[in-house]
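First up is the structure itself, then whatever we jot down about it.
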Amino acid sequence: MGKEISVGLIGHLFMGKAHSLGYKDVAMFFPDMELKPRMKMLVGLGEESVRKAAEQYGWESHGTDYKALIARDDIDLVDIATGNDTHREMALAAAAAGKHIFCEKPMAMNVAECKDMIAAVEKAGVKHCIDFNYRCVPAVALARKMIDDGLIGKIYHWRGVYLQDWIMDPKFPLVWRLIKEKAGSGPHGDLNAHLIDLARFLVGEITEVVGMMETFIKKRPLLGEAVGGLSATAQEEMGDVTVDDATLFLARFANGAVGSFEATRFAGGRRNGNRFEINGSEGSIAFNLERMNELEYYSRNDPAYAQGFRTIIVGESAHPYMGAWWPPGHIIGWQHTFVHQVYNLCNSIGRNQMPSPNFYDGLKCQQVLEAVEVSVENREWVKVEQ
Amino acid sequence: MGKEISVGLIGHLFMGKAHSLGYKDVAMFFPDMELKPRMKMLVGLGEESVRKAAEQYGWESHGTDYKALIARDDIDLVDIATGNDTHREMALAAAAAGKHIFCEKPMAMNVAECKDMIAAVEKAGVKHCIDFNYRCVPAVALARKMIDDGLIGKIYHWRGVYLQDWIMDPKFPLVWRLIKEKAGSGPHGDLNAHLIDLARFLVGEITEVVGMMETFIKKRPLLGEAVGGLSATAQEEMGDVTVDDATLFLARFANGAVGSFEATRFAGGRRNGNRFEINGSEGSIAFNLERMNELEYYSRNDPAYAQGFRTIIVGESAHPYMGAWWPPGHIIGWQHTFVHQVYNLCNSIGRNQMPSPNFYDGLKCQQVLEAVEVSVENREWVKVEQ
Amino acid sequence: MGKEISVGLIGHLFMGKAHSLGYKDVAMFFPDMELKPRMKMLVGLGEESVRKAAEQYGWESHGTDYKALIARDDIDLVDIATGNDTHREMALAAAAAGKHIFCEKPMAMNVAECKDMIAAVEKAGVKHCIDFNYRCVPAVALARKMIDDGLIGKIYHWRGVYLQDWIMDPKFPLVWRLIKEKAGSGPHGDLNAHLIDLARFLVGEITEVVGMMETFIKKRPLLGEAVGGLSATAQEEMGDVTVDDATLFLARFANGAVGSFEATRFAGGRRNGNRFEINGSEGSIAFNLERMNELEYYSRNDPAYAQGFRTIIVGESAHPYMGAWWPPGHIIGWQHTFVHQVYNLCNSIGRNQMPSPNFYDGLKCQQVLEAVEVSVENREWVKVEQ
Amino acid sequence: MGKEISVGLIGHLFMGKAHSLGYKDVAMFFPDMELKPRMKMLVGLGEESVRKAAEQYGWESHGTDYKALIARDDIDLVDIATGNDTHREMALAAAAAGKHIFCEKPMAMNVAECKDMIAAVEKAGVKHCIDFNYRCVPAVALARKMIDDGLIGKIYHWRGVYLQDWIMDPKFPLVWRLIKEKAGSGPHGDLNAHLIDLARFLVGEITEVVGMMETFIKKRPLLGEAVGGLSATAQEEMGDVTVDDATLFLARFANGAVGSFEATRFAGGRRNGNRFEINGSEGSIAFNLERMNELEYYSRNDPAYAQGFRTIIVGESAHPYMGAWWPPGHIIGWQHTFVHQVYNLCNSIGRNQMPSPNFYDGLKCQQVLEAVEVSVENREWVKVEQ
């Protein structure tokens, strides 16, 4: 039995469950990791609801006060999987208590909050990590490896869209994700944050942007009885939607590439269409999260009569992470990105290395998000703070 | 202006139109062919209908008596694009008159008829060709080239299906294709004939078969007023369907490969699904006529992390036939297989070479078709006459 | 905390791990199941290897003697996830001890063994279940529901292939799966067993078959040091491959449908291509395990201008099992079929119902497998024992 | 034999050949059109080259002076299929001579030229048409019909890219398309012009834009011996590329929809990837020119368990134009868009109606193109002249 790291998780709903799964299953597939996570405590709102979740997910204890969690001496890592408007406060408290921190994306409500959080973790000297879990999709990791190996060459184009459709019904109620005070923004912070991180991971830093935002349905029924996950019930009374329904922007990268980004919740039929394509001087890569076990790859160096995008089923032991799973063609699921994320995180802490992605990545992502918002306001190109 | 070959075409309906298009357009894309076809005469049933067709397709003259066509001294090539039950008679007459012959598939009603036709063309010393037009799909020609070049290696598997659905409606009437005396068989002769020829073209000779036939809808309304093409009207009175609705068979090839074949008109949603896959020791190939400008290709010799079926858009000048057409990605259509077929045919005659595929291929295809029928009758494996 | 069922698992390698995952995670996603599995004991060969696996997968205890497991009073359910040649012996022992049984497929080495096992469980009055886990793919369950709801209508065609390629390298050694005494057969029992069960699940009983088997590579290097999973090392000495590399057969169903089946390990590029298509009078369905979160569906009742196969991303709460998982488009993985299988099994036992599929399904599958083998021997159609 | 319209074509290279094919084959598939085109005269540069082309394509006469063509009394329609920098001059001359005009896209070098041309045709009272041939893809016409019929509902999103890769090789020489004086712009005028027209056709008028342009390879070898089509040879001396290699822009539509556009010649592996997706309140549509016989369609009104994008093979008689072609699944090619365009054009003239799209559409497209160029210059959003 190897060494352990004790984890306390704040948030027991959608993301809390996904993170829990990561801690629960990681050692089953990666038994030789540096530190095995021990699921010490789960904190959330609603005693009964949290109790059930703790039992269901396999947490040793539970509570409703995150400060009590942070106060415990026997917890090494605090995982913040709550709403965006709480990240700063929790991270500051955790850092002050000397805890390592794993935080959901987007990192915070704005750049200023991100900087506060970085100041706190730097002062505390703790490890920090942001949950851009799509870096941990094996196909994405393979894309990165191909780029690093020169198979794509000099990158010309990034073309990223994150298409969803879960609020297209005008009767869908005004959940927290549609209220600016709670969510910060709509699909911009929720989905473009992922695209921006993937673009930074695969292409490089973004230097300037110009964008547009639109709210197609401006009033919705107030929320009735809240229920877990994304389902919800509605009242008759209406309220204002205060976030974007769709945000698009164009970008330039430091390395000369050009890019387009789009996040929307109004693309009917696209349930979770996190898609990107990269074109470089030597080859191209395309990815779609709905078929996350596949990577499309084109090489300009194939013989002229045999060129074309090939569909790589990312399931070989030659592929990142996949040696730990099943034989080729036995696909993994969305939740397994969290297994990989936890694996990376626990290994980094165990080796006394800074995890990746970390708060610096969270900040840079936020700076791009915010530059887009300024651009929308000013109707012009805006430089991204570097 | 190069030398010409004068053509007389018998049959002015579906296949007659497709062949006409081939003659009409070939010199536009292949101006350097050996002999340019001259569209001398079109023969069909129904004076008014044939007259219109001749004008529409660009034939210089027309008639309703195929013997008059064959009797003309100024016709070099007789193209037989009529029902299966007329091929033998017409071919014998054309050969006796010393005409080269281009004949629709399947070659005849049975092996005995095919042998009569071969005896006739051999005696006359004329050129002969069978219209297995799918050999002329550039993607299929590319598949053949890849196999010849060793990219697929030793072939293990042929997996061919030809799926259609145009008679699924029980009210669809008893057209000639559903009557054994006229059509010989159902999808077996109509569609499996194509698959068998493709399998012979790409894999090699078939040595033994075992099969099954089924007629799902055994009675249909008698045909009302006949109309061109595949559309038809129905009467109230019912008649017996005397051909197969679906025929499946397994096969062994002389080179050790194993194969499966299926032709059906009851695969809902598959309009023209002529599909095959070939697996060999070095690679695999897959094709679907509904996406005939594409070839799927897998190489076992790609690096382990980058293996997968690649979708080749067969439109490069590096691809068979395609240098004559448009820039890459500007696709060609089904009818252009006839342009290629005519191109090959006129070149072969111009060079005094036997065209390919020819009556010997037609016979071998018929021998396999007939072996399957015997197998169905006897409920056991049957050797194919070699 | 609900009621529990104590499980003992025999087999700690590939399938043992998959089953373990099912027990471990099921209550996280299906907290309201009738009986929650408790992972009591893991048995396998090799003390050290089993010890590690037990720790890794979360079993409370472990051992190397399956009889000791069966002898324990505190175990309710015996899970047999070992080689095919051991199923009968273990099942008989477990039944004699009054244990419920969950057994890997194929059920046994032959029909006679299956009948012994059924006699044993009937005598003991215990519940029994066979691990045809692909019934538990949500897309497959949806296909079944669509068929039950009449959306496909009268079924005409079943077209199933299970394509793999993991032994194409002639240097791949003679592992147990290639030795008749241990495996019973090659892809026939391994992969056609799955197809047969799916065909029975979705279409109905098979009445007669005709088939062929081929072993493309007849000698292989003897196995060197055995390693877990499918990887293996080779010696210089060669031995005979005594199972099929590929088995194809045609079939008739009791309801009038016709079918084709193919299982091979020589389809280069197809890693885990468990694919089927069903065509009926009202619609069609197509499935590919490599994209197991999708179901292709065609309806003949769509408007004429809008007909086509639609790609359903099976991830809605309206889809079988999927309400328990993540939001739409957040896909699940291959291993989650075992979660569903365990869920069904524990619910059935908890409700004192016979699980499905069970030993009767295992027997029927074996009867078809065996009929194919007789057909190959006799080169003719063979009736399946009903 | 119906009435005829006599055509004179200027331009005998790529587009000249495509237009010729349209005139040559249209009456074969649409025999009942109002006016049958008669191919009177072909004009191009290079006597020998034009003579050959005229013979090959089937023109009755040929010449090298377009003014001679326009001067002929026996020509009704002048087709301008030359470089962008000649359209205005030729159109003005043709209009002055009272000829109907069919002009390649983009209409001219800039908005001012377009307005000159409109003034000329209005003064002359002739019919005019612009060759936005992709409106004539049956799948695109079907998309329009679906939108008109309300199947897509209120449109939220347009997402269009036109991806090519034919100049990615840095050694590809400085052909006329890469020189601003001759081409006006790069893929912006060449490819975005198509996207803009399709967006206007399907979504509506564009009101404001913001864009970016990039030239990835700024110097190229000067052109050696010019050859037809897109192939070319290079010299050692280098020259400046003065057009864009890629142009992206965001847009707002008058009806509230938001859109993104991208045209590039640096998307490796995308040979002719003219793709768009439209999302509306009731459904979505997606198209890819490389699979131009297909339309992807999603309906939000399908039952919850059976929603998904369906692939419509646009080949039914229920689909626009396709009743004139072959049975379902027998696909048409890229060149057949010109057959449809000629069909529409000749019918409009025959019925004394203004063709669609016409010079007003050409102007509106140019206004959007130009607004994007201003936006690139000013780095801000720009209103489109209405």
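Order of writing sets the labels: A, B, C and D. Residues in every chain begin at 1.
Definition applied: a contact is a pair of C-beta atoms (placed from the backbone, for glycine too) under 8 Å apart; a residue touches a chain by one contact, two chains touch by 3 or more.
Predicted model, so just to flag it, every value in this text is computed and none were measured.
Two copies of one sequence, chain A and chain B, touch each other mainly through matching residues, since over half of the numbers at the interface are common to both. Relative to chain C, the chain whose mean Cα position lies farthest away is D.
Note: centroid distance chain A to chain B, computed from Cα atoms, is 54 Å. If each chain is reduced to the centroid of its CA atoms, chain B and chain C end up 41 Å from each other.
If each chain is reduced to the centroid of its CA atoms, chain B and chain D end up 35 Å from each other.
Looking at chain D, residues 270, 298, 307-309, 313 sit in touch with two or more other chains.
Of all the residues in chain D, the ones that touch chain A in their complex are 156-157, 159, 161, 163, 165, 168, 210-212, 214, 216, 245-246, 248-250, 252, 256, 258, 260, 262, 264, 266-270, 277, 279-284, 298, 300, 307-309, 379-381. Only residues 142, 145-146, 151, 294, 297-299, 302-313, 316, 318-319 of chain A touch chain B when the two sit together in their complex.
Those residues of chain D that touch chain B in the complex are listed here as 1, 14, 17-18, 20-21, 24-25, 27-28, 31, 52, 55-58, 164, 166, 229-231, 270-273, 289-293, 313, 315, 317, 326-336.
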